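You will see subunit A twice below: alongside subunit B first, and alongside subunit C after that.
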Partner chain A sequence: MTLQQALAALALCIPLAVEARQEFVLTLKDHLFNPAQLAVPAGQKIKIRLINLDAAPEEFESFPLNREKVVLGNSEAILYLGPLAAGEYPFFGDYHPDSAKGVLIVIPEAQWQQVQHVN
Partner chain B sequence: MLINTVLLVTRELLPLLLLLVLMLQLQSAQKSRFLLLSVLLSTALVLLLAPWLALLTQLAEGNGLELLFVACYGVSLLALIILLTAKAGPFSPALVVITAQGLICGINLLLYSFTGIGNVDKGDSYWLGTLLALGIGLSIAVLWFHLLDELKRRTPALLLLMLLPACARQTIEALALLQQTGWLPGGQALWDSGVVVSEQSEAGVFLQAWFGYEATPDLIQLTGWLLTLILLSALGYRCYIRRVKNGL
Partner chain C sequence: MGFNQQLSALVLLMLSCNAMADGRVVDKVYHPYVQPLEREFEYRYLYQWQANHPDNNAMAQQFGYGFSVAGNMAISVNILAERIMPEDYRIAGYEAELRWMLTEQGQYSWDWGLLFELERQKQTDSNEFTTGLLVEKEFEYTSLTVNALLVYEWGNTISAEWESEFRLQYRYRYLPALQPSVEIYSGENYKGAGPGFMGVYKFSPTRQLKWEAAMVFALDNDTIDRTFRFALKYEF
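On to the complex of A and B.
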């Protein structure tokens, strides 16, 4: 196998690893997360687009989610999560833990379908 | 800001300091040269990458930094395996371990410094907090050095045994980052030992720095951690027995 073939094979594998996931948006402004309570479905792979509207960098940190992600000022990053069990997963901004706080509320699938239907 | 800086800087420094002490103990000679070289190399690499941090973080859908850290953990693990199987603590692999860890620690500290340096309200707290964290970290490192020194004096093989938790930590950290980037599937936590030892507690921070403690590990992380421990224990034991038989 030539190097080109190997790279092509690798490129084909990457989209399999990063498959389609439902996307949620979490913004950070004045060191506050918005929404502070983000609802997502249980048992599904999801991604959260974290948009930092502040000039200073921030680190998204969640011990129960095992996530630690730095987002530079005025930029964004993607967090890949799940499948998660239903429940509440607190998170905070490591650089401003007093103000930047939030909770990821993971809703059971049946309940999630109802919420989606109402919306 | 002050307390947060102390906590954050201590958490970043501790893994590096614990590994540095272990590497120093493994060096039979040239400890000062090793220390100087590792500090210089790590600092040079961080300074070299500093102007490119913004670009780096945006690579691979915003996962550039994580992938760099995964590479650092991978290189570190390989160097630790070489140390585990080598006759005597060789200089170069130990230097690679500290440089890779220094790069991770340095980049994280540099990113955090952007929130404090140059900020009139936070600047003093940032510097004071950093100094306090450095003091705490160095105090723990001195105690760790003497503990390892005692272990080495009693049974030299125990020092090699201390490489195993360090190896397992590299694996679990790399796996967690690969899951974060979406390159590996994530999973549900197998248990939550946070009520016994919280990752945010002093003990949790120390255990995390020592062997990669996770209060809520998933199956991939636990498997990787255990496999590293078991396989490298077997490998290390085999090499040690062979060395004893050869009278080395």
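On to the complex of A and C.
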């Protein structure tokens, strides 16, 4: 197999599908996440718009979510997550870990539908 | 295509390619991610041994400094040293490297990045330009990282030629400090695989030390029996 064939085969086996994602907003002000508990649906790809209202940069970090993302002061970043299994995924701000703490609460799909219906 | 099929296809591709590269095939498996405000010192070590092999007792070291120049781009400069016998130990060359994160983590089904590397080997008066794809994908608690690299060599003492290298790391994110892995490498006269691990320790919110190591064993008769690699990265 030549290198070109190998790369072509590699490219073919890697889909690049772009899917619509539900967006959630997480803000950071005075080194506190808001909401500190963010509910999202299980089994779906989602994106979280992380808006840093502080002048200082912050790093969103979560080992369970396998994410590290630096967001500069007075700017925003996008986190692409999922599909996630139901459960709780703690996260924190790496530069201010004592105050910037939160939990991503991933709700089972059926329960999420009920919550959406009530809202 | 399921994960097992994708992983099997990648491994078969790596091992079936007539990959070629004269340099050090076993090296860091690059992740495709770059962070703004990234600054780091990095040390890499490699040692190979097999009785009666021409590269027996070969050792290479690399020390570098890197930083991000944009939210998705980082550069580093490195000094390379190597030896086979203790009296041969010398600064062998210099290297400049650019990593370019093409997609955000999780944005697509695989995360993509590019690597560009220019190396000057002063001892052999030769040069090497490396470029290639860095891709990674999460599978629940594991991550698969693949580097598919093209290498162009030229200089006064070697024939100009294109070569190729493949590196693969499949990692289990067990704990931040301990993430065991399997690594596979393919290049000219080299096909190897073996266990490894990586980890991270935070000294403070903005300072952390990352480590990784792997023991790579030959998969064919052309490959030197054993290669050990080790790297330390201080981020601040």
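Keep in mind that, in the parts below, the second predicted complex is superposed on the first by the 101 of 119 C-alpha atoms of A that agree within 3 Å, B and C clash if a C-alpha of one lies under 4 Å from a C-alpha of the other, contacts with A are read in each partner's own complex, and residues count from 1 in each chain.
The definition used in the following text is that contacts are C-beta pairs under 8 Å (C-beta built on N, C-alpha and C of every residue); 3 or more make two chains touch, one makes a residue touch a chain.
Not measured: the values here are computed from a predicted model.
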item: Touched partner set for A:56, first subunit B, second subunit C, both or neither; value: first
item: First, second, both or neither for A:36, with subunit B first and subunit C second; value: neither
item: First, second, both or neither for A:83, with subunit B first and subunit C second; value: first
item: Which superposed partner A:70 touches (first subunit B, second subunit C, both, neither); value: both
item: Which superposed partner A:97 touches (first subunit B, second subunit C, both, neither); value: both
item: Shared subunit A contacts, counted only where both subunit B and subunit C touch the same residue; value: 17-18, 45, 57, 59, 63, 66-70, 72, 78-82, 85, 94-97
item: In the complex with subunit B, residue positions of subunit A that touch it; value: 17-18, 21, 45, 47, 56-57, 59, 63-64, 66-73, 75-85, 94-98
item: Of subunit C, residues touching subunit A in the complex; value: 1, 5-6, 9-10, 13-14, 16-19, 33, 35-38, 104-110, 135, 138, 140, 143, 146, 148, 150, 164, 173, 176, 205-206
item: Complex contacts: residues of subunit A adjacent to subunit C; value: 1-3, 6-7, 9-10, 13-18, 45, 57, 59, 63, 66-70, 72, 78-82, 85, 94-97
item: Touching residues (chain side subunit B, partner subunit A) in the complex; value: 4, 8, 53-54, 57-58, 61-63, 65-66, 108, 111-112, 114-115, 176, 179-189, 192, 194, 198-200, 214-218, 221
